[in-house]
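This report refers to the structure that appears directly beneath it.
We call the chains A, B, C and D, going by the order they appear; numbering starts again at 1 in every chain.
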Amino acid sequence: MIENQYLTRIYYRDIDQMGVVYYNRYFEYFEAARTELLRSIGLEVTLIEQRGYYLPVVSAHCDYHRSAQFDDEITIISRIDSFMGARLRIDYQATLISDDRLLASGYTEHCFTNKDGKPTRPPGFFRSRIREHLNG
Amino acid sequence: MIENQYLTRIYYRDIDQMGVVYYNRYFEYFEAARTELLRSIGLEVTLIEQRGYYLPVVSAHCDYHRSAQFDDEITIISRIDSFMGARLRIDYQATLISDDRLLASGYTEHCFTNKDGKPTRPPGFFRSRIREHLNG
Amino acid sequence: MIENQYLTRIYYRDIDQMGVVYYNRYFEYFEAARTELLRSIGLEVTLIEQRGYYLPVVSAHCDYHRSAQFDDEITIISRIDSFMGARLRIDYQATLISDDRLLASGYTEHCFTNKDGKPTRPPGFFRSRIREHLNG
Amino acid sequence: MIENQYLTRIYYRDIDQMGVVYYNRYFEYFEAARTELLRSIGLEVTLIEQRGYYLPVVSAHCDYHRSAQFDDEITIISRIDSFMGARLRIDYQATLISDDRLLASGYTEHCFTNKDGKPTRPPGFFRSRIREHLNG
């Protein structure tokens, strides 16, 4: 298992008319969290792209358990449990820091493409780095 | 089945570094689509809220099939297939207008709350309006 | 003077904790409005970019007069008054359709760059098209 | 002069088709920066709102000097130089951390309203706190 923790704070830009975080904002937090997860194992997204590979999202899911509000500090735990085949799945849990209760949980699935958007197999450097840390 | 069609165009604000629509933007299109779906059967969100009810999202899902690009015109078909119990599920299909091919499909599930965010049963006026159109 | 009118509706995604449109959303409406303004005179942004030119924003301004709310229909009038030198200025007025009162007014200034982001002079096809319509 | 520094990182959600930060995102960074500026002098926005006051933006401006890219770490310096009359002006400078060069500079002007959106004079606790730090 590869795991990382990303902290952020909720600002006005995130809040909707109900006074809580607008539902699609969690997918922005998830993106920041997975970028930091990949960085933590030496797979900066910029380096992946410089080698000619992209990881578009093919599936995204979020379950909303409790609502977060303006000025809340939250943590996003992102996790890779396994990696086989052509797709990468990352799981997320968003938690309110003040009371450690779960706000939202979800996942994204990613495929690999080249610069032209054509699906490719996961590149060797990516596979080996992930597996090294999954078994580490 | 209750169905509605919402048209929109992709602008720069929607596009990311890969030159395609950023993945969380579809949930904004879905929100506009369901607002228009509900309006089409006389359930304006503003009126629902004035009666003291809110429909927060409890679950959101999207599968990405093909990428949309700047200036593309797309249509979002939203659909309610049934409505029983305490939750409302709405399904969405985003299609590129120029070639009628599927871009993304997904759903949102909503519960009902009062002004304080406390879960409530779906109000009678909402239930009856939905059922009337489902059976219509 | 070149002028265009762009209509849009306010959704939940646009609204903040005060129950009004979050201030930076107007710059998204302005972007859609200028894209349609340029399209109306045959200068699709996609075509400009295919010819190797980009129009990044170098200055953006907005004055907020009244607040817009969820479900409001608004119109953005965009306008080019003149075009000399290396920069293009576009002015915007956002108005509530129901009572024709002004919500916000602002402008953006754009320079021209090539694909590498290097500033260039406005291309001939762009200059002549604008001038033709300014004098038309 | 009251000054504060807010650090953030650029993610995919911020980047547009040109590969640089979309222009309206700077106003989100500015919002986070001013929230932290006010917090640093004991004026949490949540506390201000609990006392019944809001600070909507009446004017927003940004000049774009250089473009920021994915994964860049940037700092936003926000600053209050003076405070007289009914409006509060905050100035911002966004700088790339790696080379300390200026990316964007701008300002926002805020008025004070009550819960109903009606303009009010700046409340005493706000005025005195700002002046104490301006003269400190």
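Points to keep in mind about this one:
Here is the rule we use: a contact is a pair of C-beta atoms (placed from the backbone, for glycine too) under 8 Å apart; a residue touches a chain by one contact, two chains touch by 3 or more.
What you see is a predicted model; the values in this text were computed from it and never measured.
When chain centres are defined as mean Cα coordinates, B lies farthest from subunit D. The contact pattern of B-C recurs in A-D, the pair among B-D, A-D or A-B where over half of the contact pairs coincide by residue number. Annotation: 24 Å between the Cα-based centres of subunit C and subunit D. Chain centres here are Cα averages; for subunit A and subunit C they lie 33 Å apart.
Along subunit B, residues 12-13, 24, 28, 31, 70 each make contact with two or more other chains. Put simply, subunit B touches subunit D in their complex at residues 12-13, 15-17, 19, 22, 24, 70. Those residues of subunit B whose C-beta lies close enough to touch subunit A in the complex are 18, 20, 23-25, 27-28, 31, 54, 56-64, 67, 108, 117. Against subunit B, the residues of subunit C that register as touching in their complex are 9, 11-13, 28, 31-32, 35, 44-46, 70-71.
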